[in-house]
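Shown next, in structure tokens, is the structure this report addresses.
Order of writing sets the chain letters: A, B, C and D. Residues in each chain are counted from 1.
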Amino acid sequence: MKLKNLLALLVTLLLALAIILTLNNNTLFPAFGDVDLADRVSGQYLDSAQIDEIGAANIVTAIVVGFRGFDTLGEVTVLFISSLGVALLFGASRKQKRLDADFSPNFMLRVGSRVLFGVILTVGLYIILHGHLTPGGGFPGGTMIASAILLLYLADDQFRAKIKGFKILESASGSLYVVIGLLGLVLATYFLQNFLPAGTVGNLLSAGIFPILYILIGLKVGSEISGIIDNFLTEEDAK
Amino acid sequence: MTAFDILSLILGVMMVVIVFVAIHAKKMISAVLFLSLVSMLAVVAFVMLKAPDVAITEAVIGSGLVTSLFVFTLLATRKEGVK
Amino acid sequence: MSAVLLIAVPLLAAFLSILSKKIAPYLLLAAALFNIVILFFLPEGFVIIGGFVQPLGINLLFDPFAKIALFLVNGLVLVIAFLNLKAFAGFASILLVALAGLNGLVLTNDLFNLFVFLEIAGIAGYLISVSNKKPVHTFHYVVLGAIGSSLYLFGLIILYAMFGTLNMVGMIEMIETGGNYADLILPFVLMFIGLGVEAKLLPFNSWVKGVLGKSNTMSGPMIASVYAAAIAFVLGRLINNLFQFEGPLLTVVLVILATGIVLGETMAFASTKAREILLYSAVAQASLIALLFVNGVVIWAVFLIVANALSKTVMFLVINKAAGDTGSDDVNDLQGLFAKNVLVGIAFTLAALSVMGMPLLVGFVIKLNFLTALAAANQIAFVAIILIASLVEGIYFIRLLVKLWYRGDKDLDVKYGLSFKIVFVVIATALLVFGTYSAPLNQLDNGVDTIAEVINNG
Amino acid sequence: MIQYAAIVIFVLGLYGILVNRNVIKMIVSLNVMEIGLNLFIISIGFIYDGIAPIITSTEAAGALIYVDPLPQALVLTAIVIGVGTTALALAVAKSIHRVHGTFDLNEVGDLQ
């Protein structure tokens, strides 16, 4: 058994070596740190004309929500379906109770977690709102909102009942994303086309539909991940 | 050799070693914690490679969320085992 | 009207469907029906998304190749959803996402977008396999699927680093003008293996036995017919246009695919479980389809995908319903299944005979044509291998049919509903009609896949 | 250097999936593989002397060298997809544990 593992390790390391050597010999594959963006699509993204058209200071955001917004819709769908799947696997219909965490929250924890909840929620919202200007955006922001909710969850025994409302948020934010895409098809010419003015680069209210989309992504991600965490923290009632 | 090269050499070797330890860890929980450590080192690497968006996302989702999901799973099944 | 509706509408329906469990199955039927209707009216060509022309943004390519695939996928999903309206109502949202993912997979003209849709369809597929209630098999499927898509992404990123674009047409143009063949082997092999896992090509198909061997009337036809067909279309398009297999690599790929055909048929021959016979036959057919694409026989490979998907739908539905009702899929336990269900038996027999390639059925026309094309391309060795494989296939299918028709000691109590019977009759009739009247099939040629045309004409 | 490390991490993740028979450790290896892949993707977009692709002042846009933003956008997508897969795999692992009472595939055996 041990010998077999050693052999497997040897084979995999040889594989890594082969990949590295092949890439080193590859004339078209650029050496690390030595890339010419003029050869790539990205050179065109960095064109000042393109940036003005999009109006987002953070070029990664411009790509994620703008140029490749369709990928992001797919990405949100991946989270959606894995949240659905987790609920399905844990049998959401059966009677359930919260995971017993072996401790009961005292007064300090309860108050402290409320305060922290507010702080984390604010930071999460800030990150989402400024996604087109600074690093961050819908995905980390949404996850922060979900973690704020997780905190309340740990502190409050009665919280589970309220979390069901997330289903509506989850459905509405996802549907709105597609609807905005369809509006682009109707009001402009193409699916997901920016039909609002781009504004000035660097302003909070710039970049047309992209901040709206990022907020929707944030809400969607937040509600999906809350749903996933909720399911992971629930166990079947023994009775 | 610049400071960047030295730093990336150290970082790369550390990550490979920790990955190896994580894969061969005896206990499940230690494998998960080593994974979390690798993820945090990856965050450092992302910052070094000038990818702040990715670094934030990896820090929050990669090392935060994924680790907690692993821990919740282990927690829930450990309790089942006791019963 | 734009082909993006084919993806957007099922997705919107999926997001809405989680609000009410009751209407979800009807949303699924409505979305699939809507897609089939608009397929008749959609104009062919590139579909730009977000207003960014290639290579800046993502675009879709809606051509005859994609159209055939979309009719097949949406039609079969409609049929499967209709048949399982009551039994698997809880899976409606997942099937909607699967539908959107598969449509996107077939339509997209962007290699990274392809990866995203591969993951969407893949995760939906894992969840469909959850309905088998065999978590270990589902787990193997998840792990292998994740490895497959990671390998695909790895190869894709190497290509991006080399050529600086993600657009499929753009990439092919760049490779034709400035590609050094030796540099392309690694990314092509990685991407081919990655997709080969999903397309159940040997030796990357160890998940298939677990997932399909215990399948039911929803997961069986979904994964064996719909998923297999969609992935085969995508793999075919990439083999046909992007991947260049030359010299020793071509030999290796061809030998692997030929081995896949032979081993698949041999394993089907050796098995006594009805579902395993069907799934190993499907493994062999997947390799056969890939072999045809590698040899450039595009149109007959396309028809083979369609005919196989239709036949396999009937066969998996018949066997899985019987296995679900009797609790066993051993051939001996199903003896005499058709003694009472004569109509179902006839449909199953026609489907099996079509897969074998018997005259009067569509499978015969297809087999005859692709064997002629292979012979014309001087691939006599493959003609011989396919003929021997067909012989083995013939023996085990006849053996299966004889068992199922002859009444055994005990009576089987398997009843097929009216909706099942209608579907069986319609598909069997289609197989028979196109087998005797094959003129429409001959009208199309290898030009259904328009990427080469686009690149040559600018 | 980071690029080589990324390739080695990717391959080690693959190795981990092959040699481990424990479901949780297999998922850990899967995540290791994804981290390696993400690092590799970012590394092909890196440029020495490049800065993060965020425009701080409008007029300087042409003068500065930015690192390639597209791989970063792709990795954002890949990370989230990875989380989706991991969550699902863990849920499946939990139901394996519920049915068979163990995470070890060797103990589950072939009797299903």
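Miscellaneous remarks
Here, contacts are C-beta pairs under 8 Å (C-beta built on N, C-alpha and C of every residue); 3 or more make two chains touch, one makes a residue touch a chain.
Everything numeric in this text was worked out from a predicted model, so none of it was measured.
Note on connectivity: the fewest chain-to-chain touch steps from subunit B to subunit C number 2.
Two chain pairs, A-D and A-B, are weighed by contacting C-beta pairs, with A-D ahead. Averaging C-alpha coordinates per chain places the centre of subunit A 15 Å away from that of subunit D. For the pair subunit A and subunit B, the distance between C-alpha centroids works out to 19 Å. Each chain gets one centre point, the mean of its Cα atoms, and the points for subunit A and subunit C are 31 Å apart. Between subunit B and subunit D, the centres computed from C-alpha atoms are 10 Å apart. Counting partner chains per residue, subunit D has residues 1-2, 4, 8, 10, 12, 14-15, 19, 43-46, 48, 52-54, 70, 72, 76-77, 79-81, 83-85, 87-88, 90, 92-95 touching two or more of them.
In subunit A, the positions touching at least two other chains are 19, 23, 30, 35, 40-42, 45, 58, 60, 68, 71, 74-75, 78, 81-82, 85, 89, 135, 139, 228, 232.
For subunit B, residues that reach two or more other chains under the stated contact definition are 52-53, 57, 61, 65, 69, 73, 76, 80.
In this structure, the chains touch in the following pairs: A-B, A-C, A-D, B-D, C-D. Here subunit A touches subunit C in the complex through residues 19, 22-23, 25-30, 35, 39-42, 44-45, 50, 66-71, 73-75, 77-78, 80-82, 84-85, 88-89, 167-168, 170-171, 174-175, 178-179, 181-182, 184-185, 188-194, going by the rule given at the top.
Listed in rising order, the residues of subunit A touching subunit B in the complex are 58, 60-61, 99-100, 127, 135-137, 139-140, 143-144, 146-147, 150, 225, 228-229, 232-233, 235, 238.
Residues of subunit C that touch subunit D in their complex: 112, 116, 119, 123, 126-127, 130, 134-139, 142-143, 146-147, 150, 153-154, 157, 160-161, 166, 214. Considering their complex, residues 10, 14, 17, 23, 26, 30, 33-34, 37, 40-41, 44, 70-71, 74, 77-78, 81, 84-85, 88-89, 92-93, 95-96, 99-100, 105, 108, 112 of subunit D touch subunit C. Those residues of subunit D that touch subunit A in the complex are listed here as 1-4, 7-8, 10-12, 14-15, 18-19, 43-48, 52-56, 58, 61-62, 66, 68-70, 72-73, 76-77, 79-81, 83-85, 87-88, 90-92, 94-95.
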